[in-house]
């Protein structure tokens, strides 16, 4: 079998073009010529490793089983002949010249008191490339910052003298109990921060009685996540990007459904990937041999940039629409959420189309820059269609950094709150880091609950808040003074 | 009697564990094994001095009589044998290695023109630990900063040509006359700033015709404060934390009542101590031999942190509720205030439960971070239940830094205004410092009164202010647009 | 005659105490023992020069004729015997050790493009003491900054296509024509900036067709100002502080009236001088031999500080009230303005009491800090008593730095606009500087008029502005939601 | 013919005064004595080159044919005798001592990701003089900054699940199709940034399917622009300043009309040029031999400053008014736009006077400083006269820096959006730079459209936005609370 053949580094080096493209991955030599154009992460990134050892770059973002699962067996050309490997050859491999992370510069986990500390630690420890990909948002980052600041602009109105001994932060979603009302947002490529990636996240959440939302673009497959803890019925969510190749999505949904997710959360706010300039800039600045040249080519081509974010999102189907909900429901028994709801109108649509939940999100400010902050959308839903809050599960993410932020969202009608970047930054410390993050947030939430005068999340209500500063920014639907005034001149468009 | 025995430093050093815990305090050797787990300031801090001389740490925060009062006489094991004390032994005692304050770096008192100058002087002179404890607030300090800025966002509308010669700043509370309408807030552990602590504060206030609110967690007992000036009938307030051990509270209330406080002010806004990160961080960073190790242990344990604030608040009863007002009233003839009112609803509750006063406070931003600023709560009470302002005495603290701030609160219906941090910073200069602070604030208040056109506090009224910038942030009770909209889905919680 | 006697520096030095207090002023030796306690600028400042040569300090703030005018002829003890003057003696005189100004550091007048440039030039060139006195405002300077920023928060809504060739900036006040609708505010002690002080200001204004408002605390007397230009009927305003010694005020008003001021403007917003901390701080920091010691003494005394502002304001009568308008009118035929109007209610009062004009001012932020900005008071008057704008002349100062600011105030109903600090900063360049300032402002005003679409100030109206950002801050009189809610508990005050 | 005579540098140097003023331009010697006083750019700038070689300064701002076109043939005195040219003479010519640009400091075009990068590149590469002229705005730049920030204060409310594959950014104006709804604003003197100036802009726009608005003050004449691309019918707009010399304008309009502009856009917001202080300051600071002296003279004269902006605008007719629309329409068949509309009232006027379009603009903040931001004027028109949006083409510029800004303006009713500074900064890279800019903005626009859920600009509507933050700043016409209250006192004006 060809897969067993020994292949020298000299032979490998000959297959170094788009039309003849081999690469070594963890000792196997693969012919990627046919696959590269369909790579979810884009052709360009594979081209960089043509004729070379791509192991390090591959392992940074993918679990070990992915190559074998994604590629046909004929593509396996053989094994790298280790006897031909020299120090000189190693030093010339592109992936060994990349910007490296600085894990030693992380402060002790015990000194981390809050999510801000986790962020500062990540900025120190991650490579420039990973930091740009994880921390960056779209264009001018205005939505990202607004997500954060709008929580801070809600005041508490604590009630006192109500007896708050022994509070409980637990909640139920679809009848499943969780120790806390917050989960890890679906987040791509956690291996960039730590080799155990999503597996470490899930294990730490499981240990503390909460869970993650497994991401379609995770470093590990959903079945790998499912297997990371012993209890195969432990609640676990799955997030899906609908693929331009709908058959691929059907196959994936069926596979995932067999693994019994609590719900399948379909992302709708990324019909195209936003323009993440930090991400694109670091690609341009990076030390990759070929990068600068290629980036310019790309820019001159379709102008979509070549950042990691845009590359990994190229398979997402922009044609996704409400009629597809019926199709999705036909493929699975799992409840369906729509993620990326940013208006009361779409919250209503989700209810009308038989979804089980909505997930309010602007993709952490990584989709449409200047999209309104998430918590404002929640207020808009309250003002315009409170029935959605009664009839559907409502998740929300974007800007949550404190237990008090979590409590505010719950008071305003959310079922659960998700955090993306904080979990990615925490997983830099592996499973312990994620556990520490959950402990901090749970303590902050519990403290905030007692301080405002409640012992159970079921006692949370809007009256514990003073939202006057945000109320004036809430879109009031048809009462919007300009909503119906524009009648376009025929000749205009 | 055992208490008279001479005990060598070698013998002392043997009793250095949680189960066998001795310490020297001002020449006495105490067995603290039984007491340490019930220490209001927490077990950990005592453990650090196990088998050592704890005098310095003790004296930093406690008056000399407290140990004898709090401990059983059997716990007194004897006297420290001074002949066994060596320089080497001294240098090894933990308490001699602590971060030290820098009293020499204080500017001359004569150069202090306002409370900001006092704050800057304190930051220079205090040890990092004390500065963190006194200046810090909860989480992101957002309420602390809002307390300050919201006063600055109220404009005066001075009236002119009204004749303002010979103004008077005096006021009456429960028939007692005060030269000024401001007092020292109840504030813990003033000895951290100056050996005379609360005694110096009270003496300076007494000299100027005002007073302090003695704190349950003060460095000196209420009877020590009472004795600090000759006139045993001089008005003095007392602030109480209700203890988880209700019998201890009953005993305390009766003792205090015998000392005739003008009122007993029950703190309700600290059912649990807030997360004071500056305080926790300085503990982590401190040079204590054991601190870092212990902090990490604590964090891995209950995640409540080990800052001075959280430690000293662990005895507070989170079960305190409105029904307890009747119990409190049964124990004393003194009028009862509830401190920590943060909503019109609770102001009404205090009125309904027969309290004599309310004290609007968010604990200086040290309880629930993002709790609304105090002055906004006063406006909320005006808008929703002005009868409270007619029928109860209303104190307020949080963010008051100028005589003009004091005048604004009085114009809006407060009976008196309290200041916490400014008095703590001033007491770093001892009694003279506190006197200087009162003189400055009185001058500023008097000047502001004349400038807005009044000669007496009874002429103060809201029309002297332009509160338009804050009015839009006032919570309007049941007219809140979202107050009743949330009906939770059954499956949710 | 004693005044002719030669007195040696040794003799002079002997009279160096409060009870025996001589000083040399421009070669004359005066006995100031009787006068010093009644000195408008305070006793302390004179005490510093006891037994010394006070010429420099005197000349910095006073015109040459003032001493002879204010002191009895018996107080003149003789002439300084120049033959006894030595270099050593000179170097020891307090006034020669003062902080000095740096006139050489001023940029060329031709490079000054706007009032900001004048301010920067003044900060470089003035002594620390003068800069603090002129630039400083009260307490935290919040009103000073709000005065400035509130003009910037008004938008223009320019009208186009209206033909704006040959615009005119001229206006009439009481039938007198002025080339521009702006004057120099009454401002104390212009000699601190330039030896010609108010004389230079008046001459430059006269040359350009505008005028000044002569200040009661000016470096030159009103008659000296009147004589500074040839035309003794040229329009000139006079500003008055009513003296605690009402007879002194009567005498002064009669003298001034003989010099035919266009109007007498009575300052009402300084019943007590505000707390100008920059001013007080520089006194404390100054190199004066005695200053530090004395300041501390003062602070320990009445806490009013010893800044130049507080000292020079000590003669002002805080008992001034509306009934005094009749008294003022009985003393002069000149129209009476009340300066310092800060509410619609007081604007109405001025109308009712038969005043001819009001002058909206918060004393440049130097009186009550956090008093509302001047332009907001003008909007308040419009909203609550527009009849005042029809029936009285309305002057306004505070925060005007651009020709566009002037136009905004005119659009909102002001008759004329005054500027204080900009004229003081400009006079550092003498008459040329003031002329340059007027030219700049006139050009800016004219340009702004054309840009918004008017050719004459009579065409100005509020519709040229978008004041929406300020409208929400306008106090709405009796419709204020809290205006009548406070009913004080009897026991409170 | 005199024009052929050889003239030595010595001879040239003799004609160096206002009354005898020769200069060499690209080898020709011109007698400019008669022309200089009528020079649109002002007399002063020509005087600097009297008796010298003005080629470099001329070429910086003018196309080569302009001199011959503007000057009478008798003014051509001959050719510069190159044999008399020495290095020493060259080094003495004023134009060779000017501040130079630094084109080498520009980053690679491929690294430019957005308009901010273009701005940073321009700041590095341009001479101080050009940077000041292009980047500067009027007075304190407040309108310039508000233009930018007000776009950022509009939130998107993206709609999801609507199928957004294959979006189109194309639009039609007067039946002409454009690939994108944005054009280059009319902008003066593009040669300052690049020798090809407007020609490069037009070519790049033409290549991408969009166009420019040729400026009356362009470096190239309209016919030169028209000839820059092959297709003589390609859509091209023309912008006109009406000249004080109306006959000159008539001639120009007829010439331009023969070149078939899509529309003629008449600028109305610059009856006088604004005070552009950066521009004036750089003139004062420049190394020109004569500049400083002259500037001071100018300042002492009419105080209008001598910046490039004011100089080049001196020919504009301030008497332009609505009645002139009929005159303009009589001169051309091209549709007429009024540019500089800043109020709903004037939008209505344009409709009433038979204009075909309006162009909302505050001249990029270069006219009246603190004029309201452009996007606010668009909202004002919506609120007060939405019929204008139905019946006229509506262009808008000011503060547009992102594709998302363009989309917001379209949602609110604009037909097209124009950008000034970004095109000027991009043309520093020549035609490639402008092409790159268009590609970036088109990509951003397309991405934003998909993200908010539309595939065609005809689907844009206000409901995709949350404009609550701006709605409160919208002037509401006659409902303005102060609009009719001012009745001026007769004696006032």
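Letters are used for the chains, namely A, B, C and D, taken in the order the chains are written, and counting of residues starts over at 1 for each.
Just so it is clear, a residue touches a chain if its C-beta (ideal position, glycine included) is under 8 Å from a C-beta of that chain, and two chains touch if they have at least 3 such contacts.
Because the structure is a prediction, the values reported are computed rather than measured.
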item	value
If a chain touches chain A and chain B alike, it appears here	none
Self-contact between copies chain C and chain D, residue sets same or different by half	different
Chain centre separation (chain A, chain C; CA means) in Å	63
Length of the line joining the C-alpha centres of chain A and chain D, rounded to whole Å	45
Where chain C touches two or more other chains, by residue	472
Contacting residues of chain A [partner chain D, same complex]	139-140, 142, 146, 268-269, 271-272, 274-275, 277, 280-281, 284, 292, 295-296, 299-300, 302-305, 317-322, 324-325, 338, 340-343, 345-346, 349, 362, 367-373, 376-377, 380, 472-475, 480-483, 485-489, 491-493
Touching residues on chain B, where the partner in the complex is chain C	108, 110-111, 113-114, 152, 154-165, 171-175, 379, 382-383, 386, 389-393, 402, 404, 412-413, 415, 436, 439-440, 442-444, 447-448, 450-453, 456-458, 461-463, 466-469, 471-472
